[in-house]
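Labels run A, B, C, D, E and F following the written order; every chain starts at residue 1.
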Amino acid sequence: MGTESNIKLLDENGLRLDGRNEMELRPIKIETNVLERADGSAFIEWGGNKIIVSVYGPREAYPKHTQDIDKAVIKARYNMAAFSVDERKRPGPDRRSVEISKVISEALSSAVMVEQFPRTQVDVFIEVIQADAGTRIAGLTAASVALAAAGIPMRDMVVGCTAGKVDGKIVLDLSKEEDNFGQADLPMAVLSRSGEVVLVQMDGDLSVEEFNHATDMILDATKRIAQIQRDALVARYSVETQGGE
Amino acid sequence: MPKDASGILSEIKKGYIINQLKNGKRGDGRSPEEFRKITIIPDYVKRAQGSAYVMLGDTKIIAGIKIEQGEPFPDTPNQGVLTTNVEMLPMAFPTFEPGPPNEDTIEIARVVDRGIREAKTVDLKKLVIEPGKKVWIVFIDIDVIDFDGNLIDACTLGALTALKTAVVKAEGMDEFKLPVDNLPISVTMVKIGNTLLCDPSVEEEQMAEARITVSTTEDGHIRAMQKGKVGSLSIDEIKNAISISLKVGSALRETYIR
Amino acid sequence: MPKDASGILSEIKKGYIINQLKNGKRGDGRSPEEFRKITIIPDYVKRAQGSAYVMLGDTKIIAGIKIEQGEPFPDTPNQGVLTTNVEMLPMAFPTFEPGPPNEDTIEIARVVDRGIREAKTVDLKKLVIEPGKKVWIVFIDIDVIDFDGNLIDACTLGALTALKTAVVKAEGMDEFKLPVDNLPISVTMVKIGNTLLCDPSVEEEQMAEARITVSTTEDGHIRAMQKGKVGSLSIDEIKNAISISLKVGSALRETYIR
Amino acid sequence: MGTESNIKLLDENGLRLDGRNEMELRPIKIETNVLERADGSAFIEWGGNKIIVSVYGPREAYPKHTQDIDKAVIKARYNMAAFSVDERKRPGPDRRSVEISKVISEALSSAVMVEQFPRTQVDVFIEVIQADAGTRIAGLTAASVALAAAGIPMRDMVVGCTAGKVDGKIVLDLSKEEDNFGQADLPMAVLSRSGEVVLVQMDGDLSVEEFNHATDMILDATKRIAQIQRDALVARYSVETQGGE
Amino acid sequence: MGTESNIKLLDENGLRLDGRNEMELRPIKIETNVLERADGSAFIEWGGNKIIVSVYGPREAYPKHTQDIDKAVIKARYNMAAFSVDERKRPGPDRRSVEISKVISEALSSAVMVEQFPRTQVDVFIEVIQADAGTRIAGLTAASVALAAAGIPMRDMVVGCTAGKVDGKIVLDLSKEEDNFGQADLPMAVLSRSGEVVLVQMDGDLSVEEFNHATDMILDATKRIAQIQRDALVARYSVETQGGE
Amino acid sequence: MPKDASGILSEIKKGYIINQLKNGKRGDGRSPEEFRKITIIPDYVKRAQGSAYVMLGDTKIIAGIKIEQGEPFPDTPNQGVLTTNVEMLPMAFPTFEPGPPNEDTIEIARVVDRGIREAKTVDLKKLVIEPGKKVWIVFIDIDVIDFDGNLIDACTLGALTALKTAVVKAEGMDEFKLPVDNLPISVTMVKIGNTLLCDPSVEEEQMAEARITVSTTEDGHIRAMQKGKVGSLSIDEIKNAISISLKVGSALRETYIR
């Protein structure tokens, strides 16, 4: 977690800097098929985050030695635009984005019916246009929608949320200031129906009780977010129907 | 330049397009000098100092400006620094690959940069903090997220809009608008058969023999040119391209860059 | 994660291991929560400022600390810098390749780093020489020389031992022990069938559906977690992993990190 | 174009710093087959420029996916020696040399009968030993000679020249100071017989009239330079004949 | 050779800083099969040097175009741990380690019966854990043992030693200070039985007589070191026998 | 080392060369200790601070010197810096590839550098501008443009000639000749059969079992040595190589480096 500071993140009523209470999510909006070329795509606005995800595949895995004879390989690539953060981000992968790409790839692999497409790969490109804390979870949540929009067979959707500790209190969906100056950060993602955890990372300082409290809040929130995912996919189909297909 | 998704533009399609052109019509019904629909959303990325989302037909790009303090180049101690970078993201087209910029990307970035640099759009002399030691560095970064041809013009429009909205700020300093003036409009054309087509789609780019970009400013002067692709152009075709660029560019400026 | 030497763990072997697990026994006879034999040789590399040779079963790593003067990060002018790097040397496993760190290596280094960083094990505030200008940079470098699974825990033990023995020194300055306290113990488990197995061997890692690492400090708090691999874990399994980590970690701390 | 300055580039008689008038080229010398290993080579001195070009091929294009089943691929690689410019140039390609390599490759492709050698590549290595403004055009002009010297079938030669604007006046073949402190730079290359343009780039500030004037000057100059190309190729053959082959 | 300095490297009795006389080697200890995964391995302590060598192969040479249809390719990779030297060594190969890897590969190729394994490669990974002058020779000496321990057929062992000039006198097996402040450094390696030289490099300042004297000392020393190599290999086999195999 | 154009030196050619050697004659008629024709054009690149064009038979290289201001190495604050870089340009040989230097190139550059460095040819102590802060950095860059063997000797001759003609200059400072003295001559030999051949051609290099380079100075001392290639040399052969190098090198110095 970030730097210690004297910034008070909760006011006397327990409200957060942006006025939310501890259980409150920032506004979330998901839109599908925002790009022409991709096989599927999604755009998510989550608080100040703006993230575009595009999906290509299944297509032949390349180079050949990366092929899995039993299943498709899910290759997520998380990338931040140079202008997405306060200090310009030099183009190209850094150690942080490599790690995030890995855990997102693993999380999505649980959801896709990879065994249906041996020797192929499914590319999931996640571009963070504007970053505002929680980009990996927002990107993963949108990626799941983009995969569905691409028509990739999935056994379940992946949906995630973050909780954390701020001024000693567990709160949902950290903002940028809370991420920078809080005491713990717990991003988690689950399979929508089964509730099985496909991504969890944590850093900071949590007691076991705090951890349990945080996961309860996250699980509750993922139900709400899953609904937004479903709405986005439905909206797309209804729009298509109107379009006369 | 990338091929279409299957890697090859089918001969049948190509024949159809050329045939259409004989009747003065392009595949999508446009006239030769007609641009596709342009939508520009300025200030799209709040965290950037200036930004724009540009849709040029199905081509979509996002331009963002970052302005940071740094050292001037040794040979221009009394000027700020301007740098333009384009990322042809692998999300934008099936055959685009991750990794450092390839020669196509570099050419596009350099042509966009050249137009802006030669028009002296950004007054670099006003970006000196301490002569020879500390200046403002203006980074123009452009993400290509959806590709349907004519990146040079889309990126130029995005860069100009982003520059126009950009603000220079730093802790303990008064913020000020980035000094921007004299905006160059680039118009890119390809030659198919004997026709010059403005704002080519990806299919037109693929089948074209030659490409030419002309950047002009409001005074009717040429600021940058670049011929691309393997084919040749006659001198008359180049002169024609210049006059088209002046005419079409002037309309674009009026509509989108005021 | 690398496959075994032949690239594939035979189905027969896999069946045998799963069968054994039904009787609560692992391939090498350990119980699920049992670590392999641990041998730690502190101060193994005299030329380093701190070091340790760790054998965790057949996994062998060497951790070394270098402490050099350098600039602080702009956003933390009053802190030293800590950096962790792991090299999965090609000598350690048939399929490891030379070259820059791949995603496996980066993940391991970052999880080790996160545990130490979040426990505030190294007091970075005491590593400032001149605020905003010059601080001590602590490099934790870890060579993996023999690989039989569970690098995160082996590397954490090595890094901690090396940090504990480290001394800061430079010409013309008083030397002092690196300020180290509040050591996090990481415990890594994999899920095979319905069982969580601590300290997985390479074969167990290869056949496992999911992996989870929990780093805890002496106060019973969690400092870092990381789920790995393609499979999922239930919330109850994660809670179980936390309680195993606290129990097993406390024993490890007592035995090896006093 | 370069920096503004107070340097006067034309004297009261309209003569340039090196004494040339506006239409005058710097001295140009081309020599062929200066290297043993290459299939063809050429050396050009053009003002202070010294450039060596070597050609290999047609040879099988490698890696395979770069092969064109219909024609040969022309791969030019423009490179500056570390000591060729005032400030040491770090070895390896930079963005400028990548762009120049691309436009030179494209220009040469128009001239070579690429359809005769499907699946092959022709490598054209251009090494700038000493740089003195106009290196891309000098290199391209020499490359055309080197291709011919290598016996590669060509439908036409490529020949180029630069014009520019200096103290408000259009002049031919910019010198280094004129390039650094002038107001426009227009490198252009044509097919020798047809006059078709295969390379044009421009930067600076030109009115349409100035552009037309500049191209007239360039087209006139390319005729003179084409003669130097021909002489170089003839000289080579005559020397070979004298040698008794 | 290193920097000039006023440090006296020999005392009034001609003894060296660490008390050795001119002919004396630092302590050397070799152990075999210290790693589980490698096909063969060795650990050498030579003075303050600690070096681990592991051998894999023969295995199919990769990428394919590196295969030699007539013989195995020996690929040694010499690498220094970041913490092995006083100032942290940035990970990855530098020009020095590339050169050392090359001369070690060549030296070992003379000793291995490479003609028995066409199209394969034998990888020899040399990791310097702690460096204390003479690492290339110590690594090469250990590499030869590791190859034998891996069961790779060899026509002879490679054994090496360094001599140098210190305060004007030729001495054996330079220490770190002697390497830094001496006047010459001569690492040499020979085939154990034939005495043929497979590695020699030199830098500094030696007269012909000094060179001859230095090589005499080295050749004498390699006989002693070869015995340590043999003892290490025997110890390993005897241990294995005791283990009941 | 590269193979010839076809990638393999034909067995027939090889047999012929060995047969010739039994009669003391090399393929091109030279005697074993004879160098090919050497042509050196000093000051070939006016824009460099020093330069030379060297033809050694059909091998052609261009060496250029650049001298810039920079920081000294921390462990030698009172010395300038010397650095040698060789580019085996892809134009020089059919199998040379573009890209960063490979192990062959690095070895050649380091052997050339070692000879010059160990002979203390450039007086680095005279290249200090401000001790510990600012010194002159001497870059020796060598372009190999045509390759027919024996790059080490060709590059050494080029580097020495370029250094001898080099001048140190900067705005606002008095220019002075680069302080150069005690020039080392390198002589490279290959062993074919039982013969040591000086100045090997590319074919001789390809078929040779071993290669040895000995650099000597006018005082008859050895400054650098390097054995190359897979084969071995006896101690007597090495001693012989040294005496050949002294003899031949002395003649080369007299003729070309005065």
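Quick note on the criterion: a residue touches a chain if its C-beta (ideal position, glycine included) is under 8 Å from a C-beta of that chain, and two chains touch if they have at least 3 such contacts.
Everything numeric in this text was worked out from a predicted model, so none of it was measured.
> Using only Cα atoms, superpose chain B on chain F and state the rotation angle in degrees, rounded to the nearest 5.
Fitting chain B to chain F on C-alpha atoms yields 120 degrees.
> Would you mind checking which chain's C-alpha centre is most distant from the centre of chain A?
So the farthest one, by centre of C-alpha atoms, is F.
> CA centre of chain D versus CA centre of chain F: separation in Å?
32
> Approximately how many whole Å separate the CA-defined centres of chain A and chain D?
Chain A and chain D have C-alpha centres separated by 52 Å.
> So what's the Cα centroid distance for chain B and chain D, whole Å?
27
> Name the residues of chain E that each touch 2 or more other chains.
87
> Which residues of chain C are in contact with two or more other chains?
In chain C, no residue touches two or more other chains.
> So how do the chains connect up here, line, ring, star, complete, or something else (other)?
Looks like a ring, each chain touching just two neighbours.
> Chain sequence round the ring, chain B first and chain D second?
Traversing the ring with chain B first and chain D second gives B, D, F, E, C, A.
> Note which residues of chain D are touching chain B in the complex, please.
Touch residues, chain D against chain B: 1, 3, 87, 95-96, 98-99, 101-103, 106, 109-110, 186, 191, 194-208, 211-212, 215, 219.
> How about chain E: which of its residues touch chain C in the complex?
Contacts found on chain E: 35-38, 41, 48, 50, 52-54, 56, 59, 77, 79, 81-88, 91-93, 123, 125, 127, 129-132.
> Could you please specify the touching residues of chain C with respect to chain E in the complex?
5, 44-48, 51, 58, 60, 62, 64-66, 68, 85, 87, 89-94, 98, 100, 139, 141, 143, 145-148
> Quick check: in the complex, which residue numbers of chain F touch chain E?
74-76, 101, 103-104, 106-107, 109-110, 114, 117-118, 212, 220-235, 238-239, 242-243, 246
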